[in-house]
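In the two complexes that follow, subunit A is the common piece, with subunit B as its partner first and subunit C second.
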Partner chain A sequence: MKKRTLQRGLSAFWWLTLIFLYLPLAVVVFFSFNAANSAARFTGFSLRWYERLLGNEQIISAFWNSMVLAIVSAVLALVIGCLLGYGMYRHRHRKLGWLIVLIYLPIVLPDIVFGISEMAFFVSIHRYTGLLQPGLLTMIISHVTFQIPFVALIVYSRLVGLDPTLFEAAKDLYATPFKRAWHFLLPTIKPALISAFFLSFTLSIDDFVISFFTSGPESATLPIYIWGAIKKGVTPEINAIAALMIGAVAIAALMSLLFNRQGQR
Partner chain B sequence: MVESSRMASRGRAVVGESRHLLFSVAPGATWIVVFLVLPSLYLMAVAFMTNGPYGLPQMPLTLNSFEQLAGFGFLGWSPGNLYTLLRSLWQTFLATVLVVIVAYPIAYYITTCRIKWRAIMLLLVVVPSWTNQVIRTFGWMNLLAPGTPLSDLAQWLGFIPPNMGLYPSNFAVTLGLVYNFLPFMVLPLYAAFEKLDTAQVQAAQDLYASPLRAFWHAVFPQTLPGLLAGTVLVAIPAFGMYVIPELLGGGKGMMLGNLVANQFAGGSNWPLGAAGAILMLIATFIGLFAMRRIGKRLGGGEEVVI
Partner chain C sequence: MSHPTTVAKTTDQGATESRSDSAQQSGERERREPSSIELKGLHKRFGKHTVALDDVDLTIEAGEFFTLLGPSGCGKTTLLRMLAGLEEPDAGHVCIGGQDVTDIPPHKRSVNTVFQSYALFPHLSVRDNLAFGLRMRGDSKKEQRRKVDEVAEFIQLGSLVDRPVDQLSGGQRQRIALARALICEPNVLLLDEPLSALDAGLRGQLQVELQRIQKRLGMTFVFVTHDQDEAMVMSDRIAVLDGGIIQQVGPPNEVYEHPRNAFVARFMGHDNLFAIHASGDDWVDTELGRLHIDPAEQREEQDGWLLVRPETLELNAEVPENYNQLQGKVMERLYRGSRVEYRLEVAGVTMMATASNLGQRLLNVGDQVTVSVCPDDLVRVAS
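After this line comes the complex of A and B, so read on.
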């Protein structure tokens, strides 16, 4: 009897928490369809903010900046991080404590410290050499820096989970290290590589602080554009673009759910 | 003859291993050293430089920036920066405690549900954090602005003066922090609850322990590693938070992250900003170190290392 009331209470608390988690997102989506330019009163259904989005060149260019940044940085991080993860596995019996510290550094460093370090560094280098002007390039460099550790750790944990005798067998089967890598290693860790790529991509899209401090005047991403609009108090289209980004996340969530289902079967 | 050729092949193997290390580990390690370790060291050096015109660092080396951080300026001492620092500590503490209070029952509840539902429930908790932080915080701005139902309710209850909103305020910042970090606490706590040894709980109940005592002696210690991991994941980034206090806090809700960022964004005073960043780094490493020590004493050291 007592147990059942506890369970009921917990269930109610669970639903309240879900409302708490989704209410801010729901409000943004709801008011993106508002006819009036207000976040307090809903006057009628309208798609005019979405129409205005398509005509806003700044938003379109911010969207492409976000995409280029996320894809280029994720690909670079995948290559470098995969090599690093493999190296960590191959040499795991050596004393590589310094390497572990190095890999955890980008993860534990607070975003703001990360961002301003990069900014101070790039600005100073640019002043003395003319290289690395703040823009898409410096943003890509910074994003790769925080993505590498995640890729390396995912690849490493996948390799550690494998049966070590597989590596012996591969050595017997394929003559050169390159053939071994191509025919055995890469296919074996493919799932890890795919999830590492998507994680890197998501981390890049999700990031605001580090992008904000390393960006230049021409390289605003969507979050940076939204930030600027909120700060200036000009927000009519912001609900619409934010709603589209929330929609993208919802699709990603559904896809990950479907993948999970397939994995269980 | 045989001996020498074996020696040679072993020698080749060692060279091969070293070359392998060079090709696999070196690119990533070099990247992090050049693009993160060097910039951080440069930032630390900036903290000890003099603030030049346009806020750019100059020689000679001084401790001036740390004095400014403590509140000593041209016009004598002012408590502004110290208030900001104390506010950051208080907000971090408050948000972490509240996140634990919400996450604990949620994590437990998920483990009591059917296995096929658990993955979906965890996903539901995590999905909001996949959206960009700026958008999530913007959602709260919409909810807490003047004239919204929540603000009207707060006015009716007398929490805030008429015609005001719930934001900007310290309350809004706390709320934003709890919202932002809840999933980081639920996940490690869920992992701890899932491994819970129920035999211990059974034993406690068989010995006529009250539910509270059974919880305190049989359940709580087992979830402590998850709680510690969650605390690290919540408290460290919360202390350095920039976006939430900037959007929801207003001038009186500023935290250390805003103090640091303002010195760079406005270009006003790099050394002061760098000194604030050093403070944040020290707090980060003290936090990590303390958690590791406590974790090791509990014997769950492995899990606490994030």
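After this line comes the complex of A and C, so read on.
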């Protein structure tokens, strides 16, 4: 009897957790379809807020900024992080664990500290050289910076999970170093790379604080736009943006998970 | 040199006959001559203190099934990896087919390896795994397909070729790994304990099959194992290694019957070694007392070991006068079906004796027994 009570309690706890996690999201999505301009009263189903989004140039521009930032930074982080992950694997016997700690440190720092330091750094470079004016480029650099360790770790853990003799088998079967990378290494870690890409993409879309400090006047992303807009109160329009972002991030995160699992099969 | 070439030629014909019609139609494949291997003064050290190989000199004939045998850490795998090019010697030279390949990287050596873990590429199908070496080498698509079909026929892979790698059993993986290495028709095939992960029945079956394949192709095989039975069954010659040093090289019967030192004797499974205190023209003094030996076994050194093979002992038998005779007592009996093993106590020392089970009355524990052995069967072994 006692055991069953415990199980019921745990099950209830689990449902409660889920409710706190997902109910707020559901509320936002629900009210994004509200016909009335209210976040409290649902008067009927309507897509008018989504239509309004398409007509709002600021939002469209913020959307494109977000996409360019996320895709470009994720691709760059993928290339650099993949090289780093492979390097860590190749030299794993040399005890390079401190290296990953070193690149991990900035991202375990509070975002605001990381964001402010990046900003200060870019501002001083700009002052002395005229380069790196705050804008999309500086945002891309800082996003790549915090995505690299995630990519490197995903690639590294995939490589460590491989039978090391596979590398030797490729050598033994006449593959030159370039052919080994192209016909063996990349196809073998492809799922990990795709997973890492979607994770980086999600991290970039999600990020507000670091973007906020490194952006310029022309490079507001969706989270930055929302931040500015909610000063006037939460409108159903904001709900609509939020709903779309929830959808996009959920898909990207799911893809990341899916490919990561496929790779570990 | 003449002997292995003839082997290659005759087995070549055998292989052609047994190959399928389709393979014959597509033209006789141009077979490379098997290569001999020469190792000169190979030295390898890992870290400061571990010597993996200590000045190893070794010649392996072309077309030979050669086995490197020894306990783990004896250097046998390091030696094999040097042949593949996966390990670089600190000193010395590796020559394959008369060419010095010491500084040639693995992907440029006409040598292929069957790895202990099989190392099949998980992202590729069985067919693509088989074709990998050909593809990397730049064979045409058509050529690749033909060779895959041919090797699938030769190793009798059947429908395995179209299966995903992760659905294969251990034995099936083993065959694919072998086929993947053979398909490239290397001058030398290296096998790194390829059977150690299989269960005993399958292992026995594959031992015979591997040996047959080697004889049919006439290819030089270098095989690494720690299992002396496996080594004896399969090899033309065996090199026994310990501590990075080759202890003995020879055909299986020579290594088994005339081990050069106590290590080789023990590793080949001999338990009956008795310390020699003194020796003369045709006798030795051991823990067992004075025994007559073949004068040919006479050595310069006074000490060493006397090897008494359990299967050469005769129990309670009528024997010629020149035989050594000892009195003993049965301490233990191990019934093995085709043979019976007895643990005896002779002159206060333990001695093993094996008798073929020919239906004679079995001895019982506690029985007194007369042990006889022909002087010719006693072998002196250096310490």
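Please note the rule applied: the second predicted complex is superposed on the first by the 239 of 265 C-alpha atoms of A that agree within 3 Å, B and C clash if a C-alpha of one lies under 4 Å from a C-alpha of the other, contacts with A are read in each partner's own complex, and residues count from 1 in each chain.
By definition in this document, a contact is a pair of C-beta atoms (placed from the backbone, for glycine too) under 8 Å apart; a residue touches a chain by one contact, two chains touch by 3 or more.
As the structure is a prediction and not an experimental result, all values here were calculated from the model.
Partners subunit B and subunit C fit side by side in the overlay (superposition on subunit A). Touch criterion met: A:T176 reaches subunit C, while subunit B stays clear of it.
Of the two partner chains placed around the shared chain by superposition, subunit B is the only one that A:V113 touches, whereas subunit C remains out of contact. Within the superposed three-chain model, A:E168 lies in touch with subunit C and out of touch with subunit B [touch as defined at top].
In the superposition on chain A, contact of A:V160 is made with neither subunit B nor subunit C.
Judged by the touch definition given at the top, the superposed model places A:V209 against subunit B, while subunit C stays out of reach. Contacts of A:K190 after superposition: subunit C is touched, whereas subunit B is not reached. Which of subunit B and subunit C touches more residues of subunit A is settled by the count: it is B.
After the two structures are overlaid on chain A, the closest C-alpha atoms of subunit B and subunit C sit 6 Å apart. Common to the subunit B-facing and subunit C-facing surfaces of subunit A is no residue whatsoever.
Chain contact summary for the complex, subunit B toward subunit A: residues 17, 20-21, 23-25, 27-29, 31-33, 35-40, 42-43, 46, 102, 105-106, 108-109, 112, 119-121, 123-125, 127-128, 130-136, 138-143, 145-148, 179, 182, 236-237, 239-243, 247, 257, 260-261, 264-265, 270, 273-274, 277, 280-281, 284, 288, 306.
Interface residues of subunit A facing subunit C in the complex, by the touch rule stated above, are 163, 165-166, 168-176, 179, 183-184, 187-188, 190, 265.
On the subunit C side of its complex with subunit A, the touching residues are 84-86, 105-108, 111-113, 115-117, 119, 121-124, 132-133, 135-137, 166, 180-181, 184. Interface residues of subunit A, counted against subunit B in their complex, comprise 7, 10-11, 13-14, 17-18, 20-25, 27-28, 31, 39-41, 80-81, 83-84, 86-88, 90-91, 96, 99, 102-114, 116-121, 124, 141-142, 144-145, 148-149, 152, 202, 205-206, 208-209, 213, 222-223, 226-227, 230, 238-239, 242, 245-246, 249-250, 252-253, 256-257, 260.
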